[in-house]
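Look for chain A in each of the two complexes below; its partner is chain B in the first and chain C in the second.
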Partner chain A sequence: MAKKPDYFDEMYGRGSTPRAPFEDYAKWFDGENNARLLEKSAEAEALFRLIGVTFNVYGDPDAAERLIPFDLVPRIIAAREWAKVSKGIEQRVRALNAFLHDIYHRQEIVRAGRLPAEMLARNDAFLPEMIGVTPPGDIYTHIVGTDLVRTDDNEFYVLEDNARTPSGVSYMLENRETMLHMFPELFSKIKVQPVSQYPQSLRRSLMACAPNACSGRPTLAVLTPGIHNSAYYEHAFLADQMSAELVEGHDLRVVDGRVAMRTTRGYKPIDVLYRRVDDDFLDPLTFNPDSMLGVPGIMDVYRAGGITIANAPGTGIADDKAIYSYMPDIVEFYTGEKAILNNVPTHRCSDPEALKYVLDNLADLVVKEVHGSGGYGMLVGPAASKKEIAAFRIKLEANPGNYIAQPTLALSTVPILTDAGLAPRHVDLRPFVLVSPQGIEITPGGLTRVALSEGSLVVNSSQGGGTKDTWVLEE
Partner chain B sequence: MRLTVSHRTHYAYDAPVPYGLQQIRLRPKSRPGQLVEDWNIDVAGGQVEVSFEDEHANTVDLVSFAPGQTEIEITCRGTVEVEDKAGVVGHQGGYVPMWLFQRSTALTKAGPLMQALLDKVTRGADDLDTLHALSAQILDHVPYSTDQAAADLTAEDVLKAGHGVCQDHAHVFITAARAMGYPARYVSGYLMMDDRVDQNASHAWAEAHVPTLGWVGFDISNGISPDARYVRVATGLDYRGAAPISGMRYGNAAEDMTVSLQVQQQ
Partner chain C sequence: MLGKTAGGLFWMFRYLERAENTARMIDAGLRISLTRSSAAESEWTSILSSTGLRGAYEANYGRSYDGPRIIDFLLRDPSNPGSILAGIEAARENARLVRTALTREVWEAVNECYMVLKKVLANPIEDRDLPRVLQVVRQRSAFVRGASHGTMVRNDMYNFSRIGTFFERADNTARILDQKYYILLPSVRLVGSASDNVQWETILRATSATRAYQTLHEGENDPKAIAQFLMLDGRLPRSLKFCYGKIAENLGYIEQEYGERSTSHALVDSICARFRAHDMNAIFDYGLHEFIADFLRDSAALGRQIEIDYRFIE
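On to the complex of A and B.
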């Protein structure tokens, strides 16, 4: 008998017959010819390159190099699997918002002894300027990208809560559009929950958070750092899809107590600003005075109730990796329920005992920077050479408070299409969550990122990852 | 003591300013020991866009320049009744956690010169004695002098310069107090100096938090705790958080600022 695979494969489980959600797809796939599918794959890439060319028109000669590889084998999730996951995400996002309100007001969680004050005091993402500020509708994180991984049939873990400005939703939408374009017959055979409503949901959700100063129909704008930002395409795309204005800092001024944008007929006040500019650069008058990307005075107008900023400034404290380790407590403290989704056990290297354990077990652990993102500056112990581990040990010992460590999870795989047919590759999932006073809306599925090289556990696009379409089946 | 304040800040530019904003923290609050009877801010050449209360309960007005302006003038006038409370301000209210007042800021980062100063401070019988000793040590270490190279010096810069103005003294005190374990903050305000009506500048001092009394003020430059001649206007973690006026503007116009300030007993 063959050795049982070490990893849970979402298509084949731990055996060789397709799991239920993949049955219809597998049947279809068996009737297909690998060469034709590879041709389709090239076609998909050409389609994306076309979008890349549009991108290029905006003035970036390297746009084509930014193309993130797309794999055309979908990741398929059953409705009942998704129901549990989305319930868990909703619970977590509710807790995050309650947590943010609390730490910028009474800090009950600290008073109750459930979170050490140092976790906030030593954290640059905590913004004193937000103390006592309640955003319109009491929503702090309007858009959340909760990164998940799966390790078994019923085991999902949250890797991180992206509560500041999660990106990638345009890939989710384009991946689906590409699949619909290339395989229309598949979508008539298999009933997949749509994702194309996302921009309209985003629009509705943001409009529901208009400030008191708004009279009539809220005006919505997307603030981008500009064409040189790697996600500029997404900013322009979302603004277009939502029929919102795409603006840069220098287009905006404080006029009559509001933040207003220049139009051909004078200045028009903005009610809700979906900003894709980081906190530090948002307002040179309050934060980094050298920022050219932000809007001077926007924090003053915000604090006076004249505009909604989504996500609110200071939400980064909630997706900090050191705070992450407290998430099970945070969920329980604010919802009164046990967390539905698992947290990855996390060693905080600021704690001397944890540090000792981490140093003794570097080869088996993943070590991450507390404030890092994008897979940079991390050590994947099992995949690292002795030399890499030794070099990392020096960095870790020099500044232990800057690191957390986690066991390597047995990330699930989903097959990708290769010249030799299907081959399993590790994946993660970023669902997109919208929060408004009217409720929490989670788009079925999200962005599946896939590590394209065999055995690799790093799915970040900056580290050679690709993406897949994610299907949540109808009931 | 009933004090009337008239405080005018005039900015002149050598070219029209296409767009500019100023954040002003110039509204004293009524509080135990300080009753603001009336207070008005008048802006010539601009307008107040919004007002809000910041995390330290300062009222902040955001002022915009009228387009193409070459001068702007901010005038505060008011009457404040002040009681001598020997510098005791009292316990902390609001949401700001105490640890925030123990964090260093860009202007209040302790360096090697600060350590040398701290080594000279003798701990007194109680917190107040210790803090008064610190205040005296600073004035001894860094005598008062208006002959300062630049505004916005860090505490370490001030120690290096070897002399300073009230703002510099406050920064050194805040940095030292925090290093000694006391939460501390910066205060901007007005002082009626007994020998004159025209004061050359608005004043600054510091407050440290002691468990028994709460916040207590220390005017390092004058070697005393604030009395009935002091109007407390704004507080912050350092000068930047409590600055009477801070701003930004587009264009390359050079700025010339003149201040006229009268504080009188009525």
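On to the complex of A and C.
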């Protein structure tokens, strides 16, 4: 296998013998025939199509439903490695919730001088409507997807804290089902921690956050923008697995101070709403008045304790890029401990000294807009031409406060199956975290996204990325 | 259950049943055009009328009733929202909408039905492939029905699915009768004429009742007996009486489950009473065409009432 010594490969490290977590798998793989595995790969694809694990591509009617490519070489993580990662995630998620409570109440962190007040005041993701509101159970982020990358044996970095409506968990679950279906023999040889409990854990976790208005067993519903949404499959999947109703805005209305769904027998109140609709669209009376996806008046019901909304409105502030650079401070402020997981060192260009450093090192850095997303308006120094760098320099100097800069990380690789056998590709990892008054639960592993073209660092499914099953081994 | 979900199940099974029925009608039309080319044109227009698509066809192609073009129109023409392919797509879209109410088997059956037919109907069908394609349509629809029969819990979800199936089926049988009633009238009976024999056969073929009729009537083609068979015989699963018995039965289960009667129950009871109270002689006395027209009107009213009673839409 051709090796790129400048990247850490999770199967082979920086050498040519398998690392411990991959040993048993490598032994099995050596006894397999590449052609048979490629057949299995086609079989998996047919299975995904039949089940309907697809995502919609907007504005492309001919290819309205696409599959995210699935690679059948698992990513394997040792129990010891996972223990450290999950401890770090738990710490971070606990801090995020404490942070959200604080900024919507007394803002101690601002008073203590650890976070500049303008980080909140000038931020669209901060919702004034949430000031003074305490969600049921004091939980803001019921579901978090913490995006991690690995750069070495012991180096994990948090790339992003997805605290709004992280998606992808259905792929984590279907990937495992598919692997169990295709390679049962592997799972009897290698002891892998299960993930299939996730939907029940999610249900339990949401039910534990029922609002005061709920009497008896909480009624749970999943709010989807509808069948044309790119993640509709996931919404239906989770509702189905949790035995919750899958509702759209037009199924709901406020009746007697509760949010209720139209059933065949009349309106029935909902206690906990797992919404997969953005804040902006949640309530046309409070936010975007043109929204057809939400429920007029739901925010009033929410503030009066008539419904639990998961995640809480206004949690987006916690995964904002500008706030991200303060995460090590935030973790320390609320937990009294040093952050276990690394933040990617982030230079805030608003600071003159940082700006000078960034301008001197543009060719080596990734520069991002503070409020940008999806890779727009950003500079990837090592991949940019001199001309592009010069043009970006002018934009940066004109409005430094609008930018942050980070070093380019040497993302780890995991092999994928190709016609010519195994070949290393860059990966990231999104573990899924559930938060309830009873505690924090992290499903072992998560969703591994993989850049399918050689050398590429872009793992996004909208740009041709694929996924892998992620195995955390038993102790 | 959400009202939207009840509506989605009802329509999913209606669309599937409709696609299947259209396939049967094409099959009957094909048969007549192969055996009696002079009768073919009137047969195709009658099929277009039975499917309610004559207006849409004429808007596109005027009054030229060309067999292959009509077949393509009914099967897959993108300009026809009532084509078999469009029906399968609509069924599957409804299935996605109610995904949480379906078992995995039912979902996979309808999804596979869609995937197979999308592929099969991607291009115009050549004559020699047509019988096979029509068979695929009937078979795939039957798979979905079978999967739901075998795996769905017998609750209101199942009941709304069944109501959709039988509502559409009865509608289809009634529309065929509405187009053909004149050849079943005793007054114009020209016993044994070749023309009538073919027409009678077509009706039976379009309702998949040929073999059953012949077995039960010892091969004797008699218009009154055919009308009686398709309307009042409770043994034939595509007769009006059978379908309405099933609709009443399923509405009855919903009444038990919900503990309340709705206006729909009264409507379905009055339609069922009509099939019990009348024999064919009485219906001929009243007027076969009038009886069928009344039925179509009342059944449309029932469809609207179910939608209201069970809050399919706001």
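As a convention for this text, the second predicted complex is superposed on the first by the 419 of 475 C-alpha atoms of A that agree within 3 Å, B and C clash if a C-alpha of one lies under 4 Å from a C-alpha of the other, contacts with A are read in each partner's own complex, and residues count from 1 in each chain.
To be clear about the criterion, a residue touches a chain if its C-beta (ideal position, glycine included) is under 8 Å from a C-beta of that chain, and two chains touch if they have at least 3 such contacts.
These numbers come from a predicted model, not from an experiment.
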Tell me which touches more residues of chain A here: chain C or chain B. B
Applying the touch criterion given at the start, work out whether A:D251 contacts chain B, chain C, both or neither, answering first, second, both or neither. second
With the two complexes superposed on chain A, say which partner A:Y232 touches: chain B (first), chain C (second), both, or neither. second
Under the stated touch criterion, which partner chain does A:R49 make contact with: chain B (first), chain C (second), both, or neither? second
Where does A:V301 make contact in the superposed view: on chain B (first), on chain C (second), on both, or on neither? first
Touch check for A:D240: first (chain B), second (chain C), both, or neither? second
Identify the partner contact of A:M261: answer first if only chain B is touched, second if only chain C is, both if each is, neither if none is. second
Where on chain A does chain C make contact in their complex? 49-52, 227, 232, 236, 239-240, 244-248, 250-251, 261-266
Any idea which chain C residues touch chain A in the complex? 1-6, 93, 96-97, 99-100, 104, 107-108, 111-112, 115, 156, 258, 310-311, 314
Seen from chain A, its contact residues with chain B in the complex are 104-107, 110, 117, 120-121, 128-132, 253-257, 284-285, 289, 296-297, 300-301, 303-306
Note which residues of chain B are touching chain A in the complex, please. 19, 21, 23, 49-55, 60, 62, 64, 94-97, 99-100, 102-103, 237, 246-248
